[in-house]
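Structure first, commentary second.
Chain IDs A, B and C follow the sequence of writing; residue 1 opens each chain.
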Amino acid sequence: MANTLLEVKGLSVDYLGEKKAKALENVSFSVPEGSIVGVVGESGCGKTTLMLALLRLLPQAGRIVAGEVLFNGLDLVRLSEADMRELRWQELSIIFQGAMNALNPVKTVENQITEVLLRQDSNKAKASKRVDDLLEMVGIGRNRKSQYPHQFSGGMRQRAMIAMALACNPKLIIADEPTTALDVMVQAQILELLMRLRSELDLTILLVTHDLGVIAEACDAALVMYGGVVAEYASIDTIFNAPRHPYTQALLQAFPDHTKAKTQLISIPGYPPKLDDLPPGCRFAPRCSQVFSKCTMTSPPLLSYGEGFASCHLLENV
Amino acid sequence: MTKLILRKLGWALVTIAFVLLLNFFLFRVMGDPTRLLKDPRLTQATIEAIRVRFGLDKPVINCFESLNPVKVSLQACAVNPFETQFSAYISNLLKGDLGVSFHSQRPVADLLGERLWNTILLIGAGQILAIIIGVTLGLFAAWKARTALDYTALIASLAAWSLPTFWLGILLLFWGSHYFGLPLGGKETIGSGLAGWGRLVDISKHLLLPTLTFTLVFIGEYMLIMRSTVLDVLSEDYILTAKAKGLTTFQILKDHALRNAMLPIVTIVALNLGFTVAGAIQIETVFSWPGLGLTIFEAVGRRDYPVLQGAFLLLAVSVVLANVIADLLYTFLDPRVRLG
Amino acid sequence: MQGFWQAFKRNRMGVVGLSMIVLTIFIAIFAPLLAPYNPKERVRVTLDSIYARPSSEHWFGTDDAGKDVLSNFIYGARVSLTVGFFASFISVVIGGAIGLIAGFFGGRIENLLMRFTDIVLVIPDLPLAVVLVALTKPSLMNIIIVIGILGWTGTARLVRSQTISVKERKFVLRAKAIGAHPLYILRKHIFPLVLPLMVANTVLVISLAILNESALAFLGLGDPSTLSWGQMLNFAFTRGAMSSGAWWALLVPGLGIVWLVLGCTLLGQGFQQILNPRLESHHLQKSEMIALEAANG
């Protein structure tokens, strides 16, 4: 069993506004070293909030109100801002959605990568050499390093972003929907690139996506999120073959499975909850097909069922 | 890229042509300017010489003998288009001849030439200070948005914007001359016989208050614009990336926010040139700073139309040219435009 | 409208600005009742009555002609307000018409009008105003017209961009599709939606007009028969207030201009904050983790 690199325990985040929104509540999961853990859920379920909270990059209105984020045993939540800054990119880096605006339009790609390299070592020649290597690794010719982001295609920008994320050999890479907003072909290439780099460099990746196909293809374990809470967290095998949470089950039914010929796709009725207007009890109860009276009154805790965890009252009876 | 530059230059030419036409017709609608020459020192012969030199004995333009009163005649239509007041105006302009001052009888071009540099010195010093201070304040105000510092800077900027330039100048002049013994005006102490270093100090003393006025009047505006631009920049995704990259706040402000926000500032500085010229006229008048603004003020008082006409033309054309330069600079500075 | 008023009442800048303007209007209307002296009245000038220091008789002292500065100041509000309102009216009508036509019809008309606007925009205002007033008679009417016809470019650009964005809205497209007359669409559908922004902009145009009037008056191009604040400053500055140390004659009229212009600026800012609300939050703002220690004991 590999070391646990990241362990999140009971993380809760509120957004303060006219109405307080409980964006994350009691989120727990762990990421073993060298694995790829997928995070999946509908938009607005708190995936991005979770990633930003891990890096302590929440917007001003966002507050971590409870929980621990243990990274190699170090609690990131309680680190000083300066210490946290030291860790960023050196130990944990992030690949943002789409990469469209994640790169500064008026700085060259090289400039934006060297910026982080020079934090450790002010040798410019060495940094320049490293940029060449990194770009080669992600399949960008070194002749293009002095170009600006707008001269790159969407896929190229995402490759540049990946190269940038790898720059300092971080222990954990968070990839927040790295393939969203790209052509299908390019999506596949980017995913393939990530997989290749993972095996070459032995990376640990937290991969956020709303595409179950990506999860099935790339991940070792998956975290299914619903309305700011963990619905289910288990190995890929369990998630796809024996999910316990009704939401995971519904999600799978809504997802085309190419291995089975004639399954009918069933979409989940209703909408995800508004985070500033949550139902009492289980957040999934209003849309759940197996709802019973307790569900609408108390919210279920995260329960272990051997192969994984799920937050559902159904597990209590087992 | 080349096409873009050519198009911009083309529009600058059209604008300058418009200014030339405006400058000519405005003053001709007034009628024959020499009628206004009341100076008893002028003999009829001198006036006649001026009239011939500027073609005032010819029709204003084809078909129009004069514009005030409007006099149309067939005879005027038949003249050679190169034998009109308008063609004389254009050809004199091309020769750099802007006419002769009614007041001092000196060529207007020489008068303006002497004073242009003083205005450039004043505007340059004032603008550079205003931009540096205003941009810095704006950057900080945006970074500290919605804090006491931000609100103070915001209110101060709005107040500074509301100050009539000449009035602020008067107050500073009153205060500086009464309490600090600063000079009451002019560019240097007349008859002091100072040279070299001493003269430089003397000129600086004279320049101090006008520059301060200029700076205070324009800080507010640059601060407001910078604040809103930086607010936009700081909410961009790439700032979040920069933060995730572990850069310090100072590095992010310097390398990402300032750099990106400075681009629009270039355009704003150019658009502001009209206000800058307005400021220069008022400040030079208050401090008797011998620049183009004071020239305009004096020309108005003396009804010295050739000087007024020349000064307006010079100011307007300078502003148009400065605008083109800023526009091209922007094109060059922003890689998104430069590399299309 | 109801919602706008509710939002306005909560906007401190706007309320303060409006109060400042209303107070000035009040002073202007009731000038004869408020002013201790009538500025038109002849006074016997003695050596002591020129630039007399502020006293119980003359709260703000006297000017170069021995007249009460406070009374001149109160009557001066009338001139500044008149110029501000009428000149900006001209500017907004011209700018609004050009902006609406350019934005609504687009194409070649738009190109032509906006190019013309750009040309007028780069020509420096004040020198041109100086030339125009110097070439005509410096009467209040001429000053209003000159300031009015030079101050429309900003409004034209603003109204054009707003018109373009309104034009693409569904109900306008629908009206177009069922064949409504363009002028009808312009009047019934577009103008009402452009109007709020135009009103907000007008306040700023007024402040510019007041500043321009005072600058022209200071440069000796004011109407000598009406004593505006700028004219008062011109007289004080050119007639020895500086050397007599008569700060009151230099300070008071200027404060009037600042008061009124600041009022307009604040009101304009307030309007813009309501019509164009923007989140003033960004990525570098600190997010404190409150209640964390308490929650974890």
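Things to note:
The criterion applied here is as follows: contacts are C-beta pairs under 8 Å (C-beta built on N, C-alpha and C of every residue); 3 or more make two chains touch, one makes a residue touch a chain.
Everything numeric in this text was worked out from a predicted model, so none of it was measured.
The greatest number of inter-chain C-beta pairs in contact is found between B-C.
Seen from the C-alpha centroid of subunit C, the farthest chain centroid is that of A. For the pair subunit B and subunit C, the distance between mean C-alpha positions equals 22 Å. The distance from the centre of subunit A to the centre of subunit B, each centre being the mean of the chain's C-alpha atoms, comes to 55 Å.
Centroids built from CA atoms put subunit C at 53 Å from subunit A.
Among all residues of subunit C, those that touch two or more other chains are 281, 283, 285. Counting partners per residue, subunit B has 236, 240, 243 as the residues that reach two or more other chains.
Across the assembly, subunit A contributes 57 as residues in contact with two or more other chains. Note for the complex: subunit B touches subunit A at residues 236-238, 240-248, 255-256, 259-260, 263, 334-336, 339. Taken in their complex, subunit A has these residues touching subunit B: 55, 57, 85-90, 93-94, 96, 100-107, 115-116, 119, 147-148, 150-151, 164.
Touching subunit A in their complex are the following residues of subunit C: 281, 283, 285-292, 295-296. On the subunit B side of its complex with subunit C, the touching residues are 11, 14-15, 18-19, 22, 26-27, 29-30, 142-143, 145-146, 158-159, 161-167, 170-171, 173-174, 177-178, 184, 231, 234-236, 239-240, 243, 249, 252-253, 271, 273-275, 277-278, 281-282, 285-286, 296-297, 300-301, 303, 308-309, 311-312, 315-316, 319-320, 323. Chain contact summary for the complex, subunit A toward subunit C: residues 12, 57-66, 77-78, 81.
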